[in-house]
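Have a look at the structure below, then the notes.
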Amino acid sequence: MIDYHAILPEIILGVTVLAVLATDLVTREKYYGAIVGMVGLFAALVPIFTLGVCDDLAFCSGSLPRELFGGSYVVDQYSLVMKGLFIGAAFIAILLSVAYLQSDRFYEGEYYFLLLAALFGAVVMASSRDFITMIVGLELVSGPGFLLAGWRKADEKSNEAALKYFIIGVIAFALLVMGVSLLYGISGTQLFADLAVAPAAVVDEPVFLLGMLFVFLGFTFKISAVPFHVWTPDVYEGSPTPVTAWLSVGSKTAGFVGFLSVAYLAFPTHANLWGPLLWILAIASMTLGNLVAVKQTNIVRLLGYSSIAQAGFMLAPFGAAAAAGADLQQAFGATIIYLLIYAVMNLGAFGVVIAGGARVKSYELDDWAGMWRWAPGLTVLLAMFFMSLAGIPPLAGWFAKLAMFSATIGVGSWWGYSIAVIAALNSVVAFVYYSKVVKSTVFDNVPDHVDPEALSRIELAPTLTVALGVTTILVLFLGVFPGVIGNLSKFASEILAGTF
Amino acid sequence: MEWFDSGWGLSLVVFLPLVGALVLAAIPRANEAAMKWVALVTAIVTFVVSIVLAMRFDYGAAADIQFGTNLPWIDAISANYHIGIDGISLPLVVLSTFITLLVVIYSWEHWPEPHNPKLLLALVMILATGMTGTFVALDLILFFVFFEIVLLPMYFMIGIWGDTSMRVVPVVNWEIELRLYASIKFFLFTLFGSAFMLLGFLALYFKSGDVGPNTFDILQLSELGRAGVFTGAFAFWVFAALFLGFAVKVPMWPLHTWLPDAHTAAPTIGSVILAAILLKLGTYGFIRILIPILPDEARRWAWFIGVLAVIGIIYGSLACLAQNDVKRLIAYSSVGHMGFVMLGVATMTDIGINAAIIGMVAHGLITGLLFFIAGSMAHRYHTRDMNRLGGQMLLMPKMGVLLGFAAMASLGLPSLAGFWGEFMSLLASFNPLDGLSLGLFRTLMVLASIGTVMTAGYMLWMLRSVNFGEPAAEWLDDHNLHDVDKFEWMAWAPLVVMTIAIGIYPKIVLGATNDAVVNLVNKAFGG
Amino acid sequence: MLASLTPLVTRFAFLSEESGHEVHAGDGGALAQWAWLIVVVPVVITFLIVFFGKKSPLKGWGMATFGMAFVAVYGAVLAWVNLQEGILYEGAIEIGKIGPFALQWGWVVDGLSIMMYFLVGVVGFLVFVYAKGYMKGDVRYTWFFASFSLFAGGMLVLVSAPNLIQLIVGWELVGVSSYLLIAHYWEDFDNVDAGNKAFMTNKVADVGLFIGAIIMALSAGSFQFSEIFEKMLSGQTSLAQFGFWAGLALFIGAMGKSAQFPFHVWLPDAMAGPTPVSALMHAATMVTAGIYLVARLFPFYQLPEFAGNVNAIIAIIGAITLFFMGLLALTQDDIKKVLAYSTVSQLGYMMAAMGVGAYSAGLFHLFTHAFFKSLLFLGAGSVIHAVHSNNMSDMGGLRKYMPATFWTFMIGTGALVGLFPFAGFWSKDEIIASGYHTASVDPTFAAWFMVILSIGGAFITAFYMARAVSLTFFGDYTGHAHPHESPKVMTLPLMGLAAFAAFAGFLNVPGVTDVFIRWVTVRAFPIVEHHAEGLNWPLVFIVTPIVLVALTVGFWLFRPKETQAERDAFTIPVLYPLFEHKFYIDDFYMDGIIRPTMGPLADGTLWIDMNIVDAVPNLAGGAAKHVAAAVNTVDQNVVDGVFNTASAGTGATGGFLRKALTGRVQQYAAMSFAGVVIIAALFMIF
Amino acid sequence: MTIIQFVLLGAALFSIGLYGVLTRKNAVLVLASVELMLAAVNVNLVAFDVYLGDASHAGQIMTLFLIALAAAEVGIGIAIVLLVFRNRRSANIDELDVMRY
Amino acid sequence: MTITFSDWITEIANWVFLAIALPTLGAAILVVSAKNIVRAVLALVVTLAGTAALFMMLGAEFVGWTVVLVYIGAVIILFLIGIMITRAPLTKNADLSQPMSMRAPAALLSIILFAVIGWAVVASFGAAAIPLPDEATTTASIGETMFTNWVIPFEVMSFVLLAALVGGIALARQDAPEEEEA
């Protein structure tokens, strides 16, 4: 008997995805798809919630974790939190998309369909506990991503972005499955739970190490970390901006879900092997992302490099804790905290960028100069989100940084201290380019070719307003009361409680 | 008043300005009068509440934490909303609310360009929250958050309303608007320091787990520090990290270079707040966090702090002597004055730390006044170049007298507030904490005393160039040059009065601080 | 907080048997308890003048003068009571605690302070009265009296100080008000510079005062003089260890205020201020603060086991000052500068007296000097008022025009040069006699040096005064204004001071009256001083003829001649240029210390700050930009770069290859896989 | 038969595929090369499945999924190539350099 | 269980293996190096057919046939359509590859990658023998495990295909001229 309660969110989402497609077929008002989609997202949140608090509910029975299909699909605290995050991110992404899609000739119904399909894939990833499910889920996240990146069909940049994204994506995917095949060959299993208890004789084999290496490196594509980060700026710049928002949050988080699941559920006992790898990748990503971002003049590209750097920050606790052989639960929790907060602030940042871009029709910082004059409210939000990304209290980002530092320092060895110091220096560098945006929009004068009068009359689309409102409130609220996030991450990391 | 004493009173002082900022944000752009009134009322109420705190404060138990509360805040890392004040923080809290009030009064009719009272006042209010919050926080994470909250408003203040003249950055030869250079420099320096500070905090947190539950609580960590939990290489590195964080903020030589630029570029009220309060966050950190938590390490580093402090004194004074820019001169003078404060801290004695606190308060009042005046002068003359000024006593006699007063106070004239901190620092460095090098500290004492001479030198030099002589022809028919106006009087007179009052009756500050400091030093260094 | 304002009143019954004088002292009763009014009244009046002076009928003069009159009367009453029964009283209020130290404001009522109250009050009152006439029509009339009142207040804070802190406060208040008064005519930068010079010189010396006070306070555990002495005498202090340094440092402070060599440079320049200022501050009160300090600490200085050889240093410095600075008066044309150097010289006498342990002699000279020197200054002021010039070359023959001024000036001159029976005779003679006494009892170099230079100093004093009087009052008038006698408001104070100058000496005629000695030795601590029991007749017969000879020579050399040029022609080849350049000391300070500090040193520091200290962050910023650019290039173009380099190496044209090599996606992919391979290889190897 | 002969064949195919991805100009051929890489993985998986005697046939099942995924990818890839071609009249990926900094 | 070289060389299956593997490899090389685009695609067919043959040899008949059906039946057609539509030059010496300066390092990279994987594989598995299956894997057994353990990916797979289909069409389709916009 299948535990239908456990997979109810997936069922609802699957139905929603199809419903959106169907809606597109029967209506002419294309944004109906968005409405149907959002309703479906809300509906999917309900079982996620009831699953989380099932024991406290009268009509509900069964406790987490709920294992399905021979342990290949598990609904536990961690997966619920991540699913909630995905759904929230998709929700905001849809809100960001509506006005954008209507501003030009886009295929709208298919757009929402693909976005929700990608979300579906991400949600499946969150629960997958074997490589087959994980890979299929991953592909459902990636495939629509490739397509959506090219959604500005007439725009060469968008075409190019789609092709670049696709090619890098598939070779990373090939590497990943190569790794999976090697792991399978040496251990004989696809299940994370079985891999976690693989005997030492297996673990010591070079093939095992190589397979693990390939799997991790394959995932770096999705999270845009070194070495598969190269696509990020071009794709961010070329894609339709709401898609970029989704890629930078939903898709990236899906990558991290893969990372987290593989690292902590499949290879927790081999942390000494993958720890140093991620330690190196973290440092390389944050340093490279931050340094290159300093030179960027396009705000979306800048966010692309910022995304690389942030991936480095998120990997830091992984690497440090694992390399040092410390308690992994805290690093796990820290990454979840970072992911949740990053999602909120990055979506907010993209919201502002979309709203601004809708007015100036450009993402070049020079054109955004003096935005303060023609859109003061938006500029305040922009400053807020970028400063949050930079980790300045009392905006939510500080807690993410704190959690990251805390997890690295808490490791208590040179693996942790050194990466914490490097991360600290990096966060200073990061401020340089985040503040560059603020400086340009707030301190600089409006360039001659921009007409502030005209721009100030353009209204903000209501959907954008809602998206910005939600993210703004969250960024402020979570900045002041980060305990909420802390508790969520604690809830999520309960699955590791007895592991070590 | 039970509710008042159990945390609410203090929370009011901290968060009322934030409420004010929110209200300000809701006021339509056109309604400037409402903005001013909201800001003024908020500032007054906050000040009054802080005065009520000061009046209800039990001076007999100044060493104890009062008006405090300890509520859970972030469970995940056991960071709490733990606030409270003792005799050390009380004067600084009152100073913050006081300066904020004066700044609001001053702004009433002195708006820097671009004209945007709403944002400016809101930023002032946010600053107020950050400043008072830092002084009341007893949890490292809370402290960190408040410590950082002040960065953004100040960054915007400098960046938006700052000096737009071009500055050629030496060495790398960039030409950049001063406000842009100064704002980012200010931020990066502080961020650089505070990033390491945060690492230090976290290290303490995890180390505290060795002997009990992990904690960020400053008081508990102080207990642990006294018990010798933090030692060896660990203590060394943590100290280094925290030192960096606080020293940048103070600022100590050679981390001070952001200060002249920030002060010069900032609008008047920004300079005032920066000088009067923000610099104190660093020294307060030394006293509240570094010394109690890492006493042995503090003792080990004392000579280093002392040497840097005295270098700061001499160096700041010499730099002042070469200045032609009034605001830069005052800014460099801050480096010197904070050097005295740090010299007091470096002695690690009750006298030295008392001296540091009264020095902080005095510097807040006096340098605040100086920056007010310098700002008003720059506003009238449209230049800060001392070579072009002169004869102010003829052009604006009252302004001249006030400038003279402030300069005298700044050079540490006895009977004015500035004297106590300077003199007591010197006093303390003759007999520093047991175990510190007497020879070194006595040498430092002599060098620092020479610093007082140079302080007098540049202050008199400034008075000579600005106040005295015959005014240059360009000013004679300048109708901008009206003397001190109503709002300036209202903002400055309290500073003058307090400078004299503390000078004559230092118990206003020492009455609160002494017991607390003696207790602190006794606990940290075992009597 | 307010509760702690209740006064902490302490009485001292501590009196030593060793004291050279039997001291019978009471506590002065209410009179002493309310003596704080002496200090507070002028300070409060300062503020009243600042705020209401301009609106008051007498424009502040009335209030200021009232204050001085109050001080004078109160001082006189105290002096009278002190003379009758002795007063020893110390009151204080606590103003804070700092660690173990209590900070207090207080007031000491004992012989020494009473003498100063009286002196400040009387001289101050007379000078204030005089100033009403002298300052008439001044642009900053009210401001002047505010500053003046502040000065008097500061001086009284100083002399009433029961502890080192209050002493420092008064000390600096005096300094700052003198700055204000010297630079009174600040439209002219010369005057401002004079004020700055005074302030800065004092500030330099204050380093000594600060350090001395710190050492003393920390060694003894208190700022209170009484406690310091008590602990010193009962041996419970580590002061012995640092005593010499404390004493020396404090003496350096005293040197600054009392214009001792080499800190004398400010005083002559300070003549830039209005003449009443010179009369009150640079003759009677402020400059005596250093003497007062040494006198106040006399119980300390007199004990070699604590103070070591500081006494000898004091004596030598005093002697150098009294002789060599007197020489400088010889070449001055400015009458006030003549008097200024004369003051420096006389202060040298007082300091030298203190050095040889002549406590009451030194103070006595301080007392008499206050009267006759302020008389001389006011007389000079009267002259200046008449001829609108400070220079004696613009004067001459004023005897006829200004009889009152002339005769009072002559009394002052008599007192200054030490002619019997004017006040100076008694006081100066006693200093020389005390020095001789010391030298004969304990023949040290310092004592003999002091005695010999003192006698030489007497000659010089007489010589330059003869010159000044001759040039000013005799011969023909050479100025351009129309000289006239000054108004009553100015001449009456002159006469009052002349009376004191003439008769004050009788307060202490050795062997006959010992009023003054009884007066100033009413101290809570034993004063073991060296002083002659009777008039030292041999010395009198040496000194007085010397003075008379000097006067005669002086008058003869500078007798009225045909032309001014002839009059000025008298020079001594080597010495005169030396004197005119003030021994090059000022030049040395200016070119050797101040200019290098403000010039190369300060500029250099600023340069270092901007180009070296700040270079680190700036370069870091610049480097970050370049590194960012470099990484950017590598990140985006690494394959291009590699192949361009390779193609350059193989001689292929870069442009062609570049065009052919823009397969960006594949470069990306290649980079990524290169990373994979490198990492994989690394992990396989390790 | 040994297992390594299959896995080495897989590795060779994978490397050859990679070479193709990195060097082919025509986008369709790049796709073809990607197919080689995926085929290599399939060889591995099936060989391992048999080698392990996996009762659940996870290797074969994953191969099936990969085949489907590869098909989907090719579909997506061809769509993107067509899109690019429509705008640029070329399917050569080495000409993609609009976004160069 | 390991086998020696002599065992290996005498086992007939290995000769079959070589007979399949070598052409497969050769075809693969042709895919990445052929100068004629159609030839390259047809080489891909050969390669894939080779893998399918290996699968059958290993008893994975279902998988083998799936490869044949899906790849050779469908995917290759897609490729060919792609080639046709993009009007790739069908001539022999078309400029299909990057120049040598790109190919050389790419080849190096590929060889190193092969070396790394190969080394690891050899080090781990040595000469472990693959037990020839007694009977082919039945479709039924595959179906059974798939639908007990991997229902979710199976369902998700359908979404992947659907998304590729819908998205691919939307993306590749020639946009209607302006009037469609109402």
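By letter and in written order, the chains are A, B, C, D and E; residue numbering begins at 1 in each of them.
The criterion applied here is as follows: contacts are C-beta pairs under 8 Å (C-beta built on N, C-alpha and C of every residue); 3 or more make two chains touch, one makes a residue touch a chain.
These numbers come from a predicted model, not from an experiment.
Q: Chains in contact with chain D and with chain E: which ones?
A: A, C
Q: Provide the labels of all chains in contact with chain A and in contact with chain D.
A: C, E
Q: Using the touch rule from the top, point out the two chains with the most contacting C-beta pairs.
A: Answer by contact count: the chains D-E.
Q: When you average C-alpha coordinates per chain, which one falls nearest the overall C-alpha average? Tell me, please.
A: B
Q: In whole angstrom, how far does the Cα centroid of chain A sit from the Cα centroid of chain E?
A: 31
Q: Just curious, how far off is chain E from chain C if you go by their C-alpha centres, in Å?
A: Their C-alpha centroids are separated by 100 Å.
Q: Just the number, please: Cα centre separation of chain A and chain B in whole Å.
A: Chain A and chain B have C-alpha centres separated by 41 Å.
Q: Averaging only over C-alpha atoms, locate the centres of chain B and chain D and give their separation in whole Å.
A: 64
Q: Multi-chain contacts only, two chains or more: what residues does chain A have there?
A: Within chain A, residues 132, 135-136, 139, 143, 147, 150, 153-154, 162-164, 167, 171, 178, 182, 185, 206, 209-210, 234, 295, 432 contact more than one other chain.
Q: For chain D, what residues touch not just one other chain but two or more?
A: 3, 7, 14, 17-18, 21-23, 25, 27, 47, 49, 51, 58, 61, 65, 69, 72-73, 76, 79-81, 83, 93-94, 96, 101
Q: Could you say which residues in chain E touch two or more other chains, in rising order?
A: 98, 102, 106, 109, 113, 116-117, 119-121, 125, 149-150, 153, 157, 160, 163-164, 167-168, 171
Q: If we use the touch criterion from the header, which chain pairs count as touching?
A: Applying the touch criterion to every chain pair yields A-B, A-C, A-D, A-E, B-C, C-D, C-E, D-E.
Q: In their shared complex, at which residues does chain E touch chain D?
A: Touch residues, chain E against chain D: 2-3, 8, 11, 13-14, 17, 21, 24-25, 28-29, 31-32, 37, 40-41, 44, 47-48, 51, 54-55, 58-60, 62-63, 66-67, 70-71, 74-75, 78-79, 81-83, 85-88, 95-98, 102-103, 106-107, 109-111, 113-114, 117-118, 121-122, 125-133, 137, 141-142, 145-146, 149-150, 153, 157, 160-161, 163-165, 167-169, 171-172, 174.
Q: Note which residues of chain B are touching chain C in the complex, please.
A: 59, 169-172, 174, 185, 188-189, 253-254, 256-258, 260, 315, 318-323, 349-351, 354-355, 391, 393-394, 408, 413-415, 419, 423-424, 426-427, 430-431, 445-446, 449-450, 452-454, 456-457, 460-461, 464, 467-470, 504-511, 514, 517-518
Q: Touching chain A in the complex: which residues of chain E?
A: Touch residues, chain E against chain A: 116-117, 119-121, 123-125, 148-153, 155-157, 159-160, 162-164, 166-168, 170-171, 175, 181-182.
Q: Could you list, by residue number, the parts of chain D that touch chain C in their complex?
A: Those in contact with chain C are residues 18, 21-23, 25, 93-97, 100-101.
Q: Spell out the part of chain A that touches chain B in their complex, as residue ranges.
A: 333, 337, 383, 387, 392-394, 398-399, 401-403, 405-406, 409-410, 412, 417, 420-421, 424-425, 427-428, 431-432, 435, 439, 442-443, 481-483, 485-487, 489-490
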